[in-house]
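Pasting in a structure now, in structure tokens, and then I'll have a few things to ask.
Lettered A, B, C and D in written order, each chain numbered from 1.
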Amino acid sequence: MSANILGERFVAMSFGESHGKCIGIVVDGCPAGLQLDESDIQPLLDLRKPGQSTITTQRNEDDRVEIMSGVFNGFTTGAPICMIIWNKDSDSRPYDLIKTIPRPSHSDYPAIVKYGGFADYRGSGRFSGRLTATLVIAGAISQKLLKHSMGIETIAYTIQIGKIRAREIPLETAKTNRYTNDVRCPDYETAQKMKSAILSSKHDGDSLGGIIECVSVGLPVGFGEPIFGSLESDLSKAIFSIPAVKAVEFGSGFDGSKRRGSENNDLYIKRDGKIITKTNNSGGILGGLSTGMPIIIRIGFKPAASISKTQHTVDVLTGSEVDLKVPGRHDPCVVPRAPPVVESVVSMVLADHAIRGGFIQPVLKK
Amino acid sequence: MSANILGERFVAMSFGESHGKCIGIVVDGCPAGLQLDESDIQPLLDLRKPGQSTITTQRNEDDRVEIMSGVFNGFTTGAPICMIIWNKDSDSRPYDLIKTIPRPSHSDYPAIVKYGGFADYRGSGRFSGRLTATLVIAGAISQKLLKHSMGIETIAYTIQIGKIRAREIPLETAKTNRYTNDVRCPDYETAQKMKSAILSSKHDGDSLGGIIECVSVGLPVGFGEPIFGSLESDLSKAIFSIPAVKAVEFGSGFDGSKRRGSENNDLYIKRDGKIITKTNNSGGILGGLSTGMPIIIRIGFKPAASISKTQHTVDVLTGSEVDLKVPGRHDPCVVPRAPPVVESVVSMVLADHAIRGGFIQPVLKK
Amino acid sequence: MSANILGERFVAMSFGESHGKCIGIVVDGCPAGLQLDESDIQPLLDLRKPGQSTITTQRNEDDRVEIMSGVFNGFTTGAPICMIIWNKDSDSRPYDLIKTIPRPSHSDYPAIVKYGGFADYRGSGRFSGRLTATLVIAGAISQKLLKHSMGIETIAYTIQIGKIRAREIPLETAKTNRYTNDVRCPDYETAQKMKSAILSSKHDGDSLGGIIECVSVGLPVGFGEPIFGSLESDLSKAIFSIPAVKAVEFGSGFDGSKRRGSENNDLYIKRDGKIITKTNNSGGILGGLSTGMPIIIRIGFKPAASISKTQHTVDVLTGSEVDLKVPGRHDPCVVPRAPPVVESVVSMVLADHAIRGGFIQPVLKK
Amino acid sequence: MSANILGERFVAMSFGESHGKCIGIVVDGCPAGLQLDESDIQPLLDLRKPGQSTITTQRNEDDRVEIMSGVFNGFTTGAPICMIIWNKDSDSRPYDLIKTIPRPSHSDYPAIVKYGGFADYRGSGRFSGRLTATLVIAGAISQKLLKHSMGIETIAYTIQIGKIRAREIPLETAKTNRYTNDVRCPDYETAQKMKSAILSSKHDGDSLGGIIECVSVGLPVGFGEPIFGSLESDLSKAIFSIPAVKAVEFGSGFDGSKRRGSENNDLYIKRDGKIITKTNNSGGILGGLSTGMPIIIRIGFKPAASISKTQHTVDVLTGSEVDLKVPGRHDPCVVPRAPPVVESVVSMVLADHAIRGGFIQPVLKK
């Protein structure tokens, strides 16, 4: 299958380049009968939009989503939903430079080799973080579908910027206050320090990495598939398609690797007639299947590769080593713009498994 | 597609249960003309075999692989290669207990719910770690194919057991000495401490987690695909299908999330006429594509869920909370048996991308 | 995906060669909770078995199916069902000849070129009609699943051998009497003439083609998918995977191409509270979806390529034209053995669409 | 996978509805480095355009293709190529009627049931013949790719309208003169009679069916895959996705079913140093693989379901039988518009197999 397609029954196919006419995505497999128009999608897209604060890139994109197909009389029809975001504010001039001079830790070098020099290099072309906007508009549909049909919700937020770690905040609080600060961190106090760190890094012409935590609640037990179709497999596959992600862990993750079984095992108890676990070190997934507990994922983003500092690199055409000052407008830290992207890809995978598992039927009841 | 199928062009389909007649895998897409017989596969399978030391389960399985199809006159034919391992030493009696009483942090509970009580629960059935033997026999083929056709090699070894971390060892050394000790750690001195920790944990009826590092060398530049088919996406999907894996990171991973761009970026330099990077924080992958530097993956395993201590759980039939002492023979730490499994799934993904990218043709030259 | 895999949710992967150890198939996606053992499968396999009459090949294969996985306590578990038929009576000696001398209208020549001489040529290897036995054992599961869950039945029978055409026989009669004569034709009288034609052709060292008709009843309305997933698309894909099939038509088929719309359109009427059509020229499918009327398919088989007459061909090694007398034991007409094969592939496609459309759930009710 | 996706390595995903904003298709897997702009596509699209003669529908669509992505500096980049055709002249008013009153032999009835009344019914929505325009624009790319990289060409033309059959015309002649008459038949004389038949049928408010023949030349030997991925399987799957197709045969097809093996077998001979066959009853395919001879396909189209005559049907809402005079503008015969559509889907399948088989590499040489 194409590398630009995700999913088996809730399927998305991405297209477009950072500085081309448009970027877009076709979503197929969304059941008929879901009430949907642009107003269900735009608010999520706005949360990811650049130019919203001093800590994001100043590229000024309107980012209006337009539904081209698959919706009729305000409801999904069961046909593919094509959505497009038209590119507007693209300044491709600075990129002529990188045609043959790869920026360190960008996709430039392997892309030049792989595509024999034919790839659209303007603004990183197909590899641009801008493409994550298409994930958000597809994810908006999956989020609405899951909420509407099964009561499943996915909430992502920043827990670390550089070396600064947020304190643990109850999920309900996180849900309401993460979008009320620029770094999207539910821990207000730490959020201020994170913002300062980003601005300080920006001032130095540098960038910062960070960690997003994502929690999905409302899943039934036994959702997912074994072996290669495990929830962890499919979720990580989708998450690693987000540029700059270099690490993914579920539940106690790498920390759990240091423990003994008796410390890490989640004991079953009964509460209000339901079987739940006392702890959730499994992150809501056992044997690739949901346990009914919240799915907990932590995602490590590397610091943005685009920095203003002069860096050493090699001109692939001439073969000579050169010093490069990366042109273009960039985010000093991509993490604050990532929560809606993470929620989106996680929701797309859950929607896919919801349909695969028979939890959502091909036509929603009127 | 089926959750039991991995890959697009180098495809594997797994079948079998821990205590059924056999476990097996069908590999399709291996080019015609690869010299192959059981002796290419058995040695890798032996490295994973239980009962080899005091720190693995005493289940005494012969684990002989038998090639059923797809090989003729000592060469692959281009047809599907079905391989089977017959089950022998399975004692299913202790498992009657867990039919309705789920073991903490095992797949039992979600599996009972998902399959309506029809799943084979003996020895964890389809969810058993025993199924990783099928990954190893499929992986043996991909390893030989990659080595033979492209000179690509994948080497995995233990770097952490519980809280004990190995020192960094040069890859060439790691390659030769990792299998000379029971924990599969290239750092001999630390290996002894790790073994003691496992034995001490075993003595307490407990288990331990750990971390495997996996390095692939010899890849050309521009191997892989963008977006959903990124190397990180496909590698993580395959790796998370290994039971007990809860965390995956590439290159500097979570540690890189704490850094600035100027610290984490890999600068290009020229050495012996080749473009390489000074550091390899990207773990050999940028934009989902290979950079030509080694692919570096670290994989976090949780402590084995099966411990001898009494644990609290709930009988799903009666609904009452009960105390359970888990029956059966188990590994006090699965990590030492994991390196061949990790190498295998990583190789399967690389073989798939080698064929998808046109690096390996459908018929090997005679 | 692999060319040896069929289906999306009800998936089958075929393996094995005509003269290898075994032939087999792995079926995945069959819901948990279907009562199943070998006795559900063997009778259908027996109907396809060679050596049953004077008009089939004398290769004497026992053709016993063995279920290797996916069934526990007499019920499917939701795990992949691997089934194997062991090869016994294979005489590979005559085939040394065809290693480089392709038999006319066999797969030999393109297979030699495609696989660079590595393919198993014995008894046509992977291209042998013997492989259709694996379709039958997979089809037996889909037939039982469809009958049990939805009351869907598929009935195939011979309607033409050479130039001899059967008269139309009511479906209920066809269902009961097609297997009571050697040619599998529900029209007894014509069946005798067909058998004579086959024997006469056999006597001349020649072979005969023919046509199978296949009818599926009991489908609900709106089963199937549009565009590339149309029932006609998926059914024809599966049917053309049967060796010797060269033509497929639905409903009035090629004959309908000669008509006017007013003659071919199926008018809706109401009978017993149900909307049906007066005629069924559409063969039960409109827009790729089921209309609720029987699905009607006619399938043209070419005469078996293996004949005893001397034929002209070219030695691919020496490049010289030669006369070849094809060795081995063969069917003078494959059509009489085809009905269970046709029923099987049709059922596999319908089972796949039943699951894709939410008509059958992942776990059957106890 | 989605029913709106075709192919494995050369992949197309269709979207859009007859009376929505647009129709479109995303093509992925086209190698980088193919010179491409709208002028490569538009001429083929024009050949399918309605309103070109008295024998096609008078719907007046401009049908301009617009490339949205995947092409940069006049060459394909290896990224997905999204192409859109904007809808203009759609008059949806007549279709309110059919919201609940299904037209005989249209997709209306099963679509209403399948999608619970949510499907876009205007102009048949997703099931409209108009969607074949998206196949043509995707097919234009595959045709150029195959011609450019391998010299493969595919030529389709009308050989039958109603009961009128064309005489056999040499392929070279057919190639040049099929588009010089309104029915797209290379036999001029018969073409006039066919046109008269269509006009007479149109005058009666009726429609006519017909047969298209399609020939692909220039294929190497051993192109294709065995079993479920046979050329016949994949070609028929794609062809049956064209609305109104009800029959497909390869080579001697149904006629071959009436023959003896000695009459139907294609004997190998040597001509100019190449192994070819004396006859081509196999239609260029044996064992699912190409023989190097032309691929010959005949495709039966039913008469267009839309006729102006009053027809009997049932109102699905009220349940009462009614008489319906189908509204809208329609083709009295769809066959003359079908050749570019047939060429397109056949080329898409061949391009897919060309890449799967390693005949075309991911980057074309500059």
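Operating definition for what follows: a contact is a pair of C-beta atoms (placed from the backbone, for glycine too) under 8 Å apart; a residue touches a chain by one contact, two chains touch by 3 or more.
Small disclaimer: the values here were computed from a predicted structure and weren't measured.
Common neighbours of chain B and chain D under the contact definition above: A, C. By count of C-beta pairs in contact, A-B exceeds the other of the chain pairs A-B and A-D.
When chain centres are defined as mean Cα coordinates, B lies farthest from chain D. Chain A and chain B have Cα centroids separated by 26 Å.
The distance from the centre of chain A to the centre of chain C, with each centre set as the mean of the Cα atoms, comes to 46 Å. Distance between chain centres (mean CA atoms), chain A to chain D: 39 Å. Counting partner chains per residue, chain A shows two or more touched chains at residues 1-5, 8, 14, 79, 114-115, 126, 226, 357, 362. Because contacts link each chain to all the remaining chains, their graph is best described as complete.
Across the interface of their complex, chain C is touched by residues 1-5, 8, 11, 13-17, 20-24, 26, 28-29, 32-33, 68-70, 72, 75-82, 84, 114-120, 125-126, 362-364, 366 of chain B. By the touch criterion given at the top, residues 1-6, 8, 14, 102, 104-107, 109-115, 126-127, 131, 160, 162-163, 201, 204, 206-211, 220-230, 232-234, 236-238, 240-241, 243, 245-254, 256-270, 273, 275, 277-278, 281-283, 286-292, 300-307, 309, 311-314, 316, 319-321, 357 of chain A touch chain B in their complex. Chain contact summary for the complex, chain B toward chain D: residues 1, 8-9, 79, 226, 356-358, 361-362.
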